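Next, two complexes with chain A in common: one pairs it with chain B, the other with chain C.
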Partner chain A sequence: MVRESTLSLLQYVTAMILIIVLTVHVLTHIPGIMYSSYHESLEPNNVYRNYRIIGGVLAILLPVAAIHGLNGLRGILLELKQGRAWELLVNIVMVILGVYAIGLGMITLLRWLGILYWVG
Partner chain B sequence: MDERKVKFYENMLGIVGNIIPWSLKIPGNPERWAFAIHRLTGIYIALYFLLHVYMTSQTPYPKAWTSFIEFTTTNPLIVFGEWLLFGAIVFHGLNGIRLILSEAFALGIGRPKRPIYPYVMGSLAGWQRKVLWAIIIVWIILWVAGGVVLFHESGWF
Partner chain C sequence: MMVETEVKEIKVESKEVTFRIRRYDPETGKRWWAEYKVPVIRGMTVLDALLYIKENIDHTLTARYSCRMGVCGSCGMIINGTPMLACSIQVLDLGTDVVTVEPLPNLPTLRDLSADFTRFFEKHKLIKPFIIRVNKEEYESPQREYRMFPEELNAIIQFAYCLKCGLCYAACPTSAIDKLYLGPQALAQAYRWISDVRDEGMIERIEVVDSAHGCWRCHFAGSCSAVCPKGVDPAQGIQLLRALALSLRTGRSKVKKGSPIVQPSPATRRPGAVEPPKPTVNIEVVKENLKKLIESIEEELPSIASALKEYMESL
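Here is the complex of A and B:
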C-alpha cells in the first residue's frame, strides 16, 4: 500500500518533470519553431520526424503524464466522495487506465520509431 | 447514552455538493478560484490525454492519419475544444509552478503572525499572490495568442 504522502510527493515530482518535457512536446507544434504552421506540424512526415527527434522526451512524457494525470484525477475523485469501497474502485480504475495508457502509448511510440512494426 | 437518538451523518455531499464548494466566494481570496480552475483544467487535460493516446494509436497509416487530421482541424467543435485545451494546459502549467513553489518548497507564503483582528493569513499575504496575478495576465495573453493562431489556421478569419 502506497502512503498518501508518497503519492503527494510523486505528484510534485512528476509535475516538475512535466514542466520540461510537456513544454518540449508543445513547442514542436508552435508555429515558427520547427514548422511554419500548426497544421504543418501535424502532417504524417512531420509527426514521424518529431518521433525521431524527440522520441526520448515522449518516452518520458508518456508515463509521467499518465501518473500525474491519473493520480490527480484520483485525488479529485477522493475529495468529492469518501468511503472504503469508493476508494478501492477509484484506485482500481486508475491503475487500469494507467496500464492502458502507458501500454498503448508505448506501443505507438515504439512502432513510430520502427522498433515494433504495425500489425494488421 | 441511548444510541437510537444519535443520528449519524456521512461525510459525503455527493458530486454536485462538492463541486459547489470549489466556487466558494471568499472575499479577497483569488487562490480559491485558482484552486477550482486548477482542478477543472486538470480533469479536462487528463481526459484529453487518454483520448490523445487512443487516437494516436489508431492512426498508423498516413492516409488514415491525414483524413483524421483534416477532420480535427476543420471541425469547429474540435478546434474550439483544442483552444480550450491550450488554455487549460497554459493555466495548469503556470499555476502548477506556483503551487510547487508555495506548497512543496514553502516559498512566497509569508510568515505566520499574531492573530490580531482583522486577521490576514500569512500564506495569503506572501509574494505567491503577486505570482498568481502575473500568471493570470500571462495566461490570458497566451490563450488569446493561441486562439488567433488556431482559429486563423482553421480558416475562421
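Here is the complex of A and C:
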C-alpha cells in the first residue's frame, strides 16, 4: 500500500511538471501562435501534427495529468464517503482508470509517432 | 455609637437582547429554535445570559460550562455563526439585537447546546498525546525530569496552549464531511508532541497522521486558526506536520533522540559570592526551652507534656 505522504509528494511533483508541460500544450491551442483559431488547432491533421512537434511534451503530459487528476479525485472521493470497503474500491477504480487512460493515450501517441518516424 | 452611611443606589442600564437558541431533545429527536429575551448589562457574557435564561426563564436549557474564564474550554458553541467560547465573549460586543446560539457542529449533540466530545477525544488519543521514550524502564520509573531548555519550549508552546475546546474541529470544513479525518486539534497536537525535544515517538505518530484521513486531507482553509480562543495556529501545525512526514519519508530527516535526563549539578558557589546566612534556630536552645515548658505544665497538662516530650526526643 502506497503511503499518503508518497501520494502527496507525487501530487506536488506532478503539479510542478504540469505547469511547464501544460503551458506548452495550451500554447499550441491559443489562436495566433501555431494556428489561426482554436477550432483549427483541434482539426485532426493539426492534432497529429502536434504529436510530431511536441510529442515528447505530450508523452510527459499524459501520465502526469492522469496521475495528478486521478489522485486529486481520489482525495475528494475519500472525503465524501468513509469506510474500508469504499477506500479499497476508490483505490482500485483509480488505478484501473489511470492504467486505462495512460495506456490508451500512450498507445495512440506512440503509434502515431512510430508510424511517422518509420515512414519518415 | 451608630454610624449612618448613605448608600447610593447604583443604576445599571440594561439592554434587551433576544437569544435565539437551537434546542434539541434527544428523547424525541426534535430540533427547534427557542427565543428568549434577556436584559443584558455591560460585561455580561453569552454564558451569563444562558445561565440567566436557565435560572429565570427556562430551566430545561442545557449547556456545558465550568470555569467561566476561558480556561477549561467547556462552553464552546456557535454564537452568531462563529465558534466561540460562551464565557469569553460579551453579549454587547457582538453588536446585534438578536444573538443566535447553536451547539458545535461536526460533533453529535447530546442535548441543546451540549456536544458529545467522545469522537473528538478518541482522535486526540490516537496521536498519543504524551511523551514516548524508547527506554521504557527509565520512562516507567523516572529518577529525574527530562531536559528541556526555554527556547525548546518556546518552539512548541503555542500548541501546548490548546484547551481541547473543539472550536477548531467545529470550524473545520474537512471535519464536516470526513468523519474519520483526525481534525486540526489532534493533528496540531501530533506536531506538538513530535517536536517536543523530550519525545521519541515520531515514527508512531507519523504512522497515525500519514494516513488516508490524516494530515494530507487538510485543505488549508485556516478556519481552525481563526477561531482558536488561545491563539493556537493548528493550520500551521498541520503544514509543519506534513513537512515532517515528507522529510522523514524522503530520508531528509532522521528520527531524533529525546533529550537526556537532567543530571544534578554539583553545588558550587561563584567565587566571591556572599556566604549564605547560618541557620537562625539553634536546636539546643529549642530543646532547653521545651524542657522548661514541659516542667511548667507537667502537673496541669500531663498529656500535652508527654506529647511535647516525645517531640523533643525526636529533635
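Throughout what follows, the second predicted complex is superposed on the first by the 113 of 120 C-alpha atoms of A that agree within 3 Å, B and C clash if a C-alpha of one lies under 4 Å from a C-alpha of the other, contacts with A are read in each partner's own complex, and residues count from 1 in each chain.
Convention: contacts are C-beta pairs under 8 Å (C-beta built on N, C-alpha and C of every residue); 3 or more make two chains touch, one makes a residue touch a chain.
Quick caveat: nothing in here was measured; it's all calculated off a predicted structure.
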Touched partner set for A:A66, first chain B, second chain C, both or neither: first
Partner chain(s) touched by A:I107 [first = chain B, second = chain C, both, neither]: first
Dominant toucher of chain A (residue count), chain B or chain C: B
Partner chain(s) touched by A:P31 [first = chain B, second = chain C, both, neither]: first
First, second, both or neither for A:E87, with chain B first and chain C second: second
Touched partner set for A:T6, first chain B, second chain C, both or neither: second
Which of chain B and chain C A:E79 touches, first, second, both or neither: both
Common interface residues of chain A - those touching chain B in one complex and chain C in the other: 79-80, 82
Residues on chain C engaged by chain A in the complex (per definition of touch): 174, 177-181, 210-214, 216-217, 242, 245-246, 248-250
Of all residues in chain A, those that touch chain B in their complex: 12, 15-16, 18-19, 22-23, 26, 31, 37-39, 42-44, 47, 62, 65-66, 69-70, 72-73, 76, 79-83, 97, 101, 104-105, 107-108, 111, 118
Sites on chain A touched by chain C in the complex: 3-9, 75, 78-80, 82, 87
Of chain B, residues touching chain A in the complex: 11-12, 14-15, 18-19, 39, 42-43, 45-46, 49-50, 53-54, 56-57, 60-62, 65-66, 69, 73, 89, 93, 96-97, 99-100, 103-104, 149-150, 153
